[in-house]
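Both complexes below contain subunit A, partnered by subunit B and then by subunit C.
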Partner chain A sequence: MDFRSAVLDPSTGLALLGIFGALWVALGIWWGKKAKDLEGFLLAGRNVGLALGSATAMATWVTSNTVMLAPKFALQMGVWGMLAYSTAAFGLTLFAPLAFRIRRLMPAAFTSGDFVRLRYGRAAWVVFLAISLTYSMAWLVSMGMAGGKFLQALSGMPYLWGMTAILGVCTLYTLFGGLYAVIGTDFIQSVVILIGVVVVGVVVLNGVDMHHFYAALHDDHPALLKTFMPVALLSLFNNMFFGFGEIFHNNVWWSRAFAMREGVAPRAFALSGLFWLPIPVAAGFLGLCAAPLGINVPDPDMVGPLVASRVLGAAGSVVVFLVLFCSLASSVDSLLAATSDLLLEDVYRKMLNPGAGERVLRRASTWVVVGLGGLTWLLCAGDFGDLLQVLFLSGPLVGSAIWPVIAGLYWQRANRPGAVAAMLLGSAAGLWAYFAIGWFVASLIGTAVSMATVVVTTLAFPQPFDWNRLDERPAAS
Partner chain B sequence: MFSKAFFNVLIVASLLLTAAAVVALLWLLVRDFLRERLW
Partner chain C sequence: MTSRRLVAALGLASALAAVSAASPAVVRIEGPRRVETTEGHAVLAWEVDAEPDPARTFELQESRSNDFAGAERRYSGPDLAVFVSGLRSGRTWFRVRAVEGSGEPGPWSPPVVVAVRYPALGRVTALLALGSVVFVATVGTILGGHLATRRRSR
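On to the complex of A and B.
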C-alpha cells in the first residue's frame, strides 16, 4: 500500500502545525505572566491542583513513543506487546507514595539532584546527574526524531523541517512560560490525546469485523495471540522496571511533586497511572490491525499512523497528527523544563556559580532552555535510526537508579558508597546485558544488580541518616 | 492462545477506560476551577 495516498497534504500539515504551534506559544506567554519569581518559573509556585497535576503527569508519560511504539510492540509481539507497554503505568502509580514522602521531607527542594546530593553526598550526586542527563537527552532526542519522522510520513514534510518545528515550538513556550506553560498546555494536550485515541479506536473497531479479525490473526499470525511468549514476557518486566527507573529518578516527576500543592501529589500520580493504563492497549490495537487489513508496513515505527490513515482517511490523518503532536509536545516541554532545572540548579547554581542571585539565575535559565533545545536539535539532525534502540539504551542506566532512590527515601541506614556502587555496577551490568543478550533484559539486569548492591552494602555497612538534613530551609538548619 | 472473548474484552475495555479518563479529567478541572484551586 502507498500510505501517502491516504495522508495529509503538506499544506494541511503545515497549517495544523502553525495553528497549534502558535496556540501553545501564545498560551505559554499568557501563563508565563503568573511566574513572578524563579520559583514560579521553575515550579509553578508550588501550588498546582489535582486536575492540572493529574493531567500533566499523564500527558508527560504519553509520549510519541507510547502512540508509535505500542502499535509496533503489538505488531511484533502481539497481545503481550500491548500489555507489556501498559505496565509502564505502574511507575506513575507507585510514584504516588514516593511523591508524598518527597514533598514532606523536602518542602523547599527544586530537583531530584537536590535529594541525591543531600542524602548521599557529592560522588553519588555526580554519578546520578550523569545518568539522569544521559537519559533525559536520550528521551528528548528520541522524541525529536519521532516528531520529524511522523511529520514526514503523515504530510511529506522533510524530516529536518518537522523536527525543527516541534522542537522550536516547545522550546519557545517553555522559555516564555516555564512550568506554568508546561502544565497548562499539558492539560489541553492530554484531553486531545485521550479523545483522539478513543475516536481512532472506535472507528477502527467499527470498521473491522471482530470475528473475522480474530480468525485472521488466529490463522495467519498465531504468534500474536500466544499466551506464552518468553521474549514478550521478559519485555513486560523489562518495560515495567524501565518505567519505575524513569519515573523514580527523573526530575520531570520530582519537579511535579515539588510543584503540586501539599497533599495533591500522591492523588495526582495515582490517578494519572489509572488514566494512562489503557492507552497502550487502545493504541496498540492498531498494530494488530495491520495484517488482517492487508496493510503493508515498510517501517514498523509508523504502523499506528498507517492503520489509522488507511481506515479513517484524511480525517483520520488529522486526528493522528493532532494526537502525535500533542503527545510529543507534552513530553518535550516537560523534559526541556525539568532537565533545564537540573542543569540550572544542580550544575550552574550548585557547582559553577554558588553565589548567583535571582536575576542572574533567571537569565541563566533562558540560556539553559535555549541551549538544551539547540543541543537536542543537533543530535536529532544526525538521525540515529531505530527509535526503540535509542530509548532502551538508556534503560539500564535508569534501572540502576531505582534502588538508591527508594532506599534513600525510606531506609535510614542506606549508605553513600553503596548508592554510588549500585548506580555504577547496575549501569555496567545492564549495558553489558543490552549488548550481550538484548534490550529486553537490560533494565531488568541493571535493576537487579543495583538492588543487590544496595541491600548488601546497607546490611554490611549501615550508616544512620538524619532525615532533617534533607530540608534546606534556613529555619530548619 | 488468548481467546476471542478475552481479546474483545481487552480492546473494548481499554477504549471505555480511556473515554472515562477524559470525563474524569474534565470533571476535576471544573471542580478545581469552581473551588479556585487550579493553581
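On to the complex of A and C.
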C-alpha cells in the first residue's frame, strides 16, 4: 500500500528517541533507588499520592490505540465512533469505587490474581490467569508492533530498530526502577500527551472551515452524518464493556490500587477518567478532518498521525512523534511491570516456589521482567499479522471477567462454580458473536452471558463467603 | 548501412517511441470484484501494470449504478489506495484509471462493487436494549455495593 505521510528525517527521529530513551532510563535508575525491598519494587511502597496516582492511571490508559484507533473509529463510524471510543473513560471512573472496596478487603495483596484465588479458589484462578495473560500479551505485543510501525511511518526508521528501541527502553527502566520508575515516568509522559493533544487539536480546529467540514463529510462520507448508524451505536456498548473488562480484571489497575496511599485510589481513578475522556474526542476529531482538509487516507490506522503531521508540517511530526512515543512507553512499562508481578506472584511464588524468600523473589523478578521483555520482542520481531485483531478477540474474554470480579467484591453469596462457568461461557459466547455477527458485539455478548451466569448461579446455589479470608496479613489469619 | 536497413531501423525506433508514448498505464483494483460489508467502509487499493512514474496520478470514480452514469470523482492523486467510509446502504461501484504526466488518461479498470448491508433495525434495537440492561445492572451493582460498603465502614 502506498503511504505518503509527512515524515521526519530519520536522524531527527533517532535523536528524539535517544534523548527521551536516555531520560526514561536515567529516571528509572534514580527512582529505582527508592525500592528497598520487594514491596517497594512491585508496589512503590504502597505510598503513591493523588497527583502521581491520577497521572499514572491516565497515561497508562492513553495507549497508541487511543491516538490511532479513536481517529480510525471517527473515520469509520463518524461522531458516534468517536464517542464510542471515549466510553472507555467510564471504566476508569467506575474502577474508583472498586478500588475503595479492594483496598478495604485486601490491604496486603499484590495482584488481581490474589483476589480470584482467595475468593473463588484454584479452578477459577487458573481460568482467570489464562484470560489475563492472553490479554496482557496481546496488548503488550500490539504496543511493541505499533511502536515499530509508528516510528517507521513517521521517521523512516526500520521497523525492527524502532520496535527494539521502544521495548528496550521500557524494559530497562522497569527493570531498574520497578513501579517507582513506571509511575514517575508516567507522570511526565501524561503531561507531554496532554500538551501534545491540546496543541494538535487547537491547530487543526483553526485550520478547518466548519461549513466546508460539513459539506465535505456529506459528499464523501454521507452515512457518517446519520443519527442511526447501526455499527457505531452497537460499538458504544461494545467498547464500553471491553474497557470495563480490561480495567476491572487486569493487574495493571489492581497494582495501582494497591500502590496508592489509603484513601487516594478512588479519587485518583475518578480524576483520571475525567482527564482521559476528552483525549479520544480530540484525537477522533482528526479522523473526521481528513476529508474536509482534502487528505487522502490510504490506511485508516494512520489517519490521526497523517492529518496531524500534514496540518502542522515538520513541527507537527515532532509533536506527533513525542505524543506517540509517550503513549507507547506509558502503556508498555505499565504492562511489563504489572504482568511481571502477576507472573512472579501468581505463577512463580504461588505455583512453582512457595517457600521463596525476599532475595530469591527479587532476583526472580529481574528474570521475569527481562524474560517478558524478550518474549515480547520475539513475538513483535515476527511481525506476523494484525495483532490489533488479536487484541479485539480478547474483548469477550475480558468482558466475561467483569461480573465474576464485581460480584466477588460485593456479593457475599457469589460462588466458585458460577465464576468459572461465567468466564468460560461468556468467553465462548463472545467469541462466537465475534465471528458470527461482528467485532462490534463480541464484548457485549460475552459480558451479557457472563452476567446472566453469575446472577443465576448466585441465586440457585448461594455460598456464603467470609470476607476476612481475603486479608492475608499474618495478624488476620 | 544500406538505405533499406536505415529505413527499417528508423521505422522500428519510431514504432517503439509511439508504443511507449501511446500506452498509458493499465490499472487494476486489487481483491475481489465484489466487496460485502456491514460497516459501510472498505480499502480500495490498486496495482499498476507499468514502471513507477512520479508524474503519474490516479483518478478514482464512484457511482450508484454499474454503468457509471452520473459518476463522481472520489480521488485524484498519486496514492495507490483510498479508504472509503460512510457509504450509503446498497451498492456503490468504483473504478480507477492512471493519468500520465502528459495528461493522457489510461483505460478504466474493471469496476469493483462495494455492497453495504447495515445490520437490520430489529436486531440492532434488541442488542442496544441488551447493552442498556447490562450497563444499568453493572453500574447499579457497583454503586449499590459501594454505598453499602461506605455505610458499613462508618
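By our rule, the second predicted complex is superposed on the first by the 466 of 477 C-alpha atoms of A that agree within 3 Å, B and C clash if a C-alpha of one lies under 4 Å from a C-alpha of the other, contacts with A are read in each partner's own complex, and residues count from 1 in each chain.
Note that in this section contacts are C-beta pairs under 8 Å (C-beta built on N, C-alpha and C of every residue); 3 or more make two chains touch, one makes a residue touch a chain.
These figures come from a predicted structure and were not determined experimentally.
Q: Per the contact definition in the header, classify A:448: touching subunit B only (first), subunit C only (second), both, or neither.
A: second
Q: Under the stated touch criterion, which partner chain does A:54 make contact with: subunit B (first), subunit C (second), both, or neither?
A: A:54: touches subunit B, not subunit C.
Q: Just checking: does A:29 make contact with subunit B only, subunit C only, both, or neither of them? Give me first, second, both or neither.
A: Once the two structures are laid over each other on A, A:29 reaches no partner at all.
Q: Determine, under the contact definition given at the top, whether A:108 touches first (subunit B), second (subunit C), both, or neither.
A: neither
Q: For A:222, using the defined touch cut-off, is the partner it touches subunit B, subunit C, both, or neither? Pick first, second, both or neither.
A: A:222 sits against subunit B and subunit C alike.
Q: Which partner chains sit in contact with A:233 here, subunit B, subunit C, both or neither? Use first/second/both/neither.
A: A:233: touches subunit C, not subunit B.
Q: Common interface residues of subunit A with subunit B and subunit C?
A: Looking at subunit A, the two contact sets intersect at 222, 225.
Q: Give every residue of subunit C touching subunit A within the complex, in rising order.
A: Subunit C reaches subunit A through residues 38-41, 43, 45, 74-75, 77-83, 85-89, 116, 118-119, 121, 124, 127-128, 130-135, 137-139, 141-146, 148-150, 153.
Q: Report the residues of subunit A in contact with subunit B in the complex, numbered from low to high.
A: Touching subunit B: residues 34, 44-45, 47-52, 54-55, 58, 79, 82, 180, 187, 190-191, 194-195, 197-198, 201-202, 205, 210-211, 214, 218, 222, 225-227, 261, 271, 274-275, 277-279, 281-282, 285 of subunit A.
Q: Using the touch definition up top, name the residues of subunit B that touch subunit A in the complex.
A: 1-2, 4, 7-8, 10-15, 17-19, 21-22, 24-26, 28-29, 31-33, 37-39
Q: Hey, which residues of subunit A end up touching subunit C in the complex?
A: By the definition above, subunit A touches subunit C via 1-4, 75-78, 94, 97-98, 100-101, 104, 217, 220-225, 229-231, 233-234, 236-238, 240-241, 244, 296-300, 303, 402-403, 406-407, 409-411, 437-438, 440-441, 444, 447-448, 451.
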